[in-house]
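There are two complexes below, and they share chain A, which is joined by chain B in the first and by chain C in the second.
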Partner chain A sequence: MSDYKAVVIGGSAGSFSLMLKMLAGIKSDFKLPIILCMHRLKHVRSGIAESMQIKSKLPIIEPMDKQRIEPGAVYLAPANYHMFIELDGTVSLSTEEMNFFCRPSIDYTLSSCAAAYREKLVGIILTGANADGAKGLKDIADKKGYTIVQDPATAEVDTMPKSALAVMTPNEVLKPEGIIAFLNNL
Partner chain B sequence: MFLAINDIKEIAVKMTEAIGVEYTSYKFSFFRRRLSKIFDDLHINKVQDFYTMLADKKSADNIAYRMLVADTEMFRDPSMWRHLRKLLTDKPEPKIWLPVLTNGYELFSLLVILKQANIANARIVVNCESKQAIEGLQSVIIPAKVQEVNISNFERLEVTNDSIDNYVVSTTDGYAFKTDMLANVEFRNRWFMNEAADKYDLIIARNAMINYDSQLQERVIKRLSESIERNTILCIGVKEQLLYKIPNLNTKNAADGLYVKELIV
Partner chain C sequence: MEFKAFLDEFKNQTGFDFCDYSDESLNRRLIKIQKETSLDYEGILSRVAVDEKFKQKIVEDITVNTTELFRDPDVWVGLYKKLYCSIPRNVTTAFWHIGCSIGLEVYSNLILLNELNMLDSVRVMATDLNSSVLETAKAGVYVYNKQFEDNFNKVFMELGKNVRFDKYFDRDKDTLKVKPFLTAVPKFKQQNLVSEDAPFPFKTDFVFLRNVMIYFNNKLQVKIMKMVYDKMYDGAYLILGKQERLPLNMSGRFEAIANLYRKNALNL
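Let's look at the complex of A and B:
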C-alpha cells in the first residue's frame, strides 16, 4: 500500500494529448486521487472531461465547490476557476485574479495540495508554454513531497518543465512512459 | 507579509465589526489569500497599521472594496446569459436582485441582456458593502484586452442585430460603460445578508458563495430562499452547490447554474 495520499499533475500546451495517453495507461485499480490542473480555454466548459473519460479507466470529475476528494478518481480543474484543495480534503473553487494570465492556475492547485498532503503527495509537471507550476512544484518539494518533472526533451513545449527545473531539483525527471510506470507502481 | 493564524482570525473579527460583513465565516484559505493581497497591495507591514486603517471609515471601505473578487470579463458563461434571456421573455417587468456587486461586469452584462430581451421596465436592486465599488461604476474602465474577451463572449450570445458598441464608449484608456444604462438600478450600500427580505423575479448571485464556509453558504441560501417565490429564477455559479434545499426550487439548467421555483403542487 502506498504511503502517498494523492497525486497532483499540472500541464499546459501539449499536455492534453499527453494526459489522454497517461490516463489510458494508469491501471483501473489505482487507489489514489489524481488532481489535475491544465490550462484550458475558459469558455469551453465541456468536452475535455468527456474526452478524458473515454480513455481513462478511472472516473473523471470536474468537481463542484466544496466537493470531497475521494480515492481512485481524477479531479480536473474546471474551466475559468482556480482549484484549491483544503486541509479537510475538499475542493475550493475560486474566481480570484489570474496567475500567469491563467485560471485555473497550476501554481495555486499544486501549492494548496502541498499544504494539504505535505510529504504524502506526488507532484508532477508536464509540458507547457509558461512558468506556471514551477513555484507550486517547489512548494511540494519544500514539504518533502515527491516531485517529478517531464523530461523537457520529450515535452511538446519545454518552457514549463524547464521553469520547474530552474527553481528546484525534482526527485525524478522522467519521460511520459516512465511517469506512467511510476504511477502504476505506487 | 506573513500573517499568523491567530492574527488572521483576529483581523476577521475586527473587519466584521468595522465593515458589517461576516468575514469570520469566509473560507479561511480564501480570507487569508485576500488579506495577504491587501497587505501587499497597500504596503502594510504591521497588523496594527491595518487596524488603524479599519478605524477610518474611508480606509475601511477601501478594504471592503479590495475584499471583493472583481469579475474579469462580461458575459462569463455565455450560455447561461443566452438561457436567462429566454427565461426573461416571460417577465416584462421583472424585479431583479444582485446581492453582490464587484466591478460591475456582471451588472452590465445583465443590463445588456435586458435590452436584448426588450425589457425596459425592470427594477434592479444591487447590494454592495463597499461605497467605493458602487461609486466606481460611473467610471469603470475596461482594458482593451478585457474588451476582446467581452466581444468574444458577446458574440456567443448569438444576437445578430446587436453590437457591444451599443453599450460602451471608447476612451483613451480602453472602454467605458454607458452609465445611462444604470437608470433603473437602485444601489444599497450594505451587505446583502443585512437586507430586509423582499420578493424578486430573478436573483443573480454567482460565484460569491464559493468564498464562504459551508455554514455561511447554507445560511445565505436560506436567506435567498426568503426572496424566492413562484417562478423566481435563481442563478448561481456553474460550479456552486445549493447546500440547503429550497422547497420546489428545481433545476432549469444545472450546467449553467440556473434554477426556477416551480409551482407548488
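Let's look at the complex of A and C:
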C-alpha cells in the first residue's frame, strides 16, 4: 500500500496530448487523487476535460471552489482560475493576477500541494514552454515529497523541465512511459 | 509573529477582518506583501497604525481585484436570454454587485440592460471593501485589454446581435473609457461585508456575487450567504462565479438553474 496521499502534475505546451496518453495508461483502480494543472490556450477554455474523459479510466473533475479532493479521481484546474489545495484537503480557487502570464499557475498549485501533503506527495513536471512550475516542484522537494521531471529529451518543448532541473534535483528524470509505470506501481 | 496572529491584530487595528479568508492563497499574498515592502508582520502593523495610505495599499494587496469585461461570456448570454428579456419595465428592478472591484462586471451588465432599453427602470448598487478600486469603477477608465473586446464580441455574436464595441467605449491607444450614459447609472459604495451587520438599505432582484466567496472559508461563506439571502426578494436571482456553488446547508434556500440560483420563499 502506497504511503503517498496525492499526485500533482504540471505541464504546458505539448502536455495535452501527453496527458491523454498518460491518462490512457493509468490503471483503472489507481487509488490516489491526481491533481492536474495545465496551461491552456486562451481561446480554448472549454472541452479539455471532456477530451480527457474519453481517454481516462478515472473520472476527470474540474472542481468547484471548496470541493473535497477524493481518491481515484483526476482534478483539473479550471480555465482562468488558480487552484490551491488547502490543508484540510479541499480546493480553493482564485482569479488573482497571472503568474508567468498564466492562470492557472502551476507554481501555485504545486506549492499549495507541498504544504498540504508534505512528504506524502508525488510531484511531476512535464513538457512546457515557460518556467512556471519550477519553484513549485522545488517546494515539493523541500518538503521531502517525491519529485519527477520529464526527461527533457522526450519533451515537445523542454523549457519547463529544464527550468525545474535548474533550480532543484528531482528524485527521478523519466520518459513518459517511465512516469506511467511509476504511477501504476504506487 | 504568526500569520493568524497578524490577521487578528490587523483586524483590531483597522476593522478589516481577513481572519476567515481561505488560508492558502491569503498566506501566499501576505508573503508577497512582506517581500515587496521588506517588512515583517510587526513592521507592517506599526506602519499601518500611522500611515493611512499604506493601510489602504495593504488592504488592496490582500484582496484580489482582477476582473474582466463579460468574464465567462456564456453566463451573460444565459442571463440575457433566460431572464432579462422577460423583466417587466413598469417597475424598478434592483441589482447589487458585491465585490465589484473596478466595475467591469457592472458595466457588462448595464450594456445588456441598455440593449433591452431598460436603463430607466433599473437601480444598480455596486459595493466593494476597497475604496481605491471604486474610484476606478466610478470613472470607468481602464487599460485596454483585447480579452475585453473578444468577450464582448462573443456575447453579441451568440445573441445574434450586431453591436459595436465603440457603442459603449471610447478607446484612445491603451486607454479605454466607458461612455458617460453608462457611468451615470450605478451607485458605487464602499462596504465592509464581513464586519457590517446591515450593509444594504434595500432589497434586490439580482445579486452578483461572482468570484468573491472563493476567497472565504466555509464559515464566512455561510455568514455572508445568509446576509445576502435576507436582502433578496423571494424569487430574486443570485449569480455566482462559474466554479462556485452555494455553501453546504444553504442549498435548500435556492432553486439552482444552471449557474443561477433563484431564492425560494421561506417555508416555516
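Going forward, the second predicted complex is superposed on the first by the 182 of 186 C-alpha atoms of A that agree within 3 Å, B and C clash if a C-alpha of one lies under 4 Å from a C-alpha of the other, contacts with A are read in each partner's own complex, and residues count from 1 in each chain.
Simple rule for what comes next: contacts are C-beta pairs under 8 Å (C-beta built on N, C-alpha and C of every residue); 3 or more make two chains touch, one makes a residue touch a chain.
Everything numeric in this text was worked out from a predicted model, so none of it was measured.
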Room on chain A for both chain B and chain C (clash or fit): clash
Partner chain(s) touched by A:Asn171 [first = chain B, second = chain C, both, neither]: neither
Touched partner set for A:Lys66, first chain B, second chain C, both or neither: both
Chain B versus chain C as contact partner of A:Ser111, first or second or both or neither: second
Which superposed partner A:Gln53 touches (first chain B, second chain C, both, neither): neither
Which superposed partner A:Thr95 touches (first chain B, second chain C, both, neither): both
Contacts on chain A seen with chain B and repeated with chain C across the two complexes: 43, 62-66, 78, 80-81, 84, 86, 92-97, 112
Chain C residues touching chain A - in the complex, by the definition given at the top: 22-25, 28-29, 64, 66-67, 71, 147, 150, 211, 213-215, 218, 221, 241-245, 247
Complex contacts: residues of chain B adjacent to chain A: 27, 29-30, 33-34, 69-72, 76-78, 152-153, 156, 207, 209-211, 214, 217, 237-241, 243, 255
Complex contacts: residues of chain A adjacent to chain C: 42-43, 62-66, 78, 80-82, 84-87, 92-97, 108, 111-112, 115-116
Residues of chain A touching chain B in the complex: 43, 45-46, 62-67, 78, 80-81, 84, 86, 92-98, 103, 112
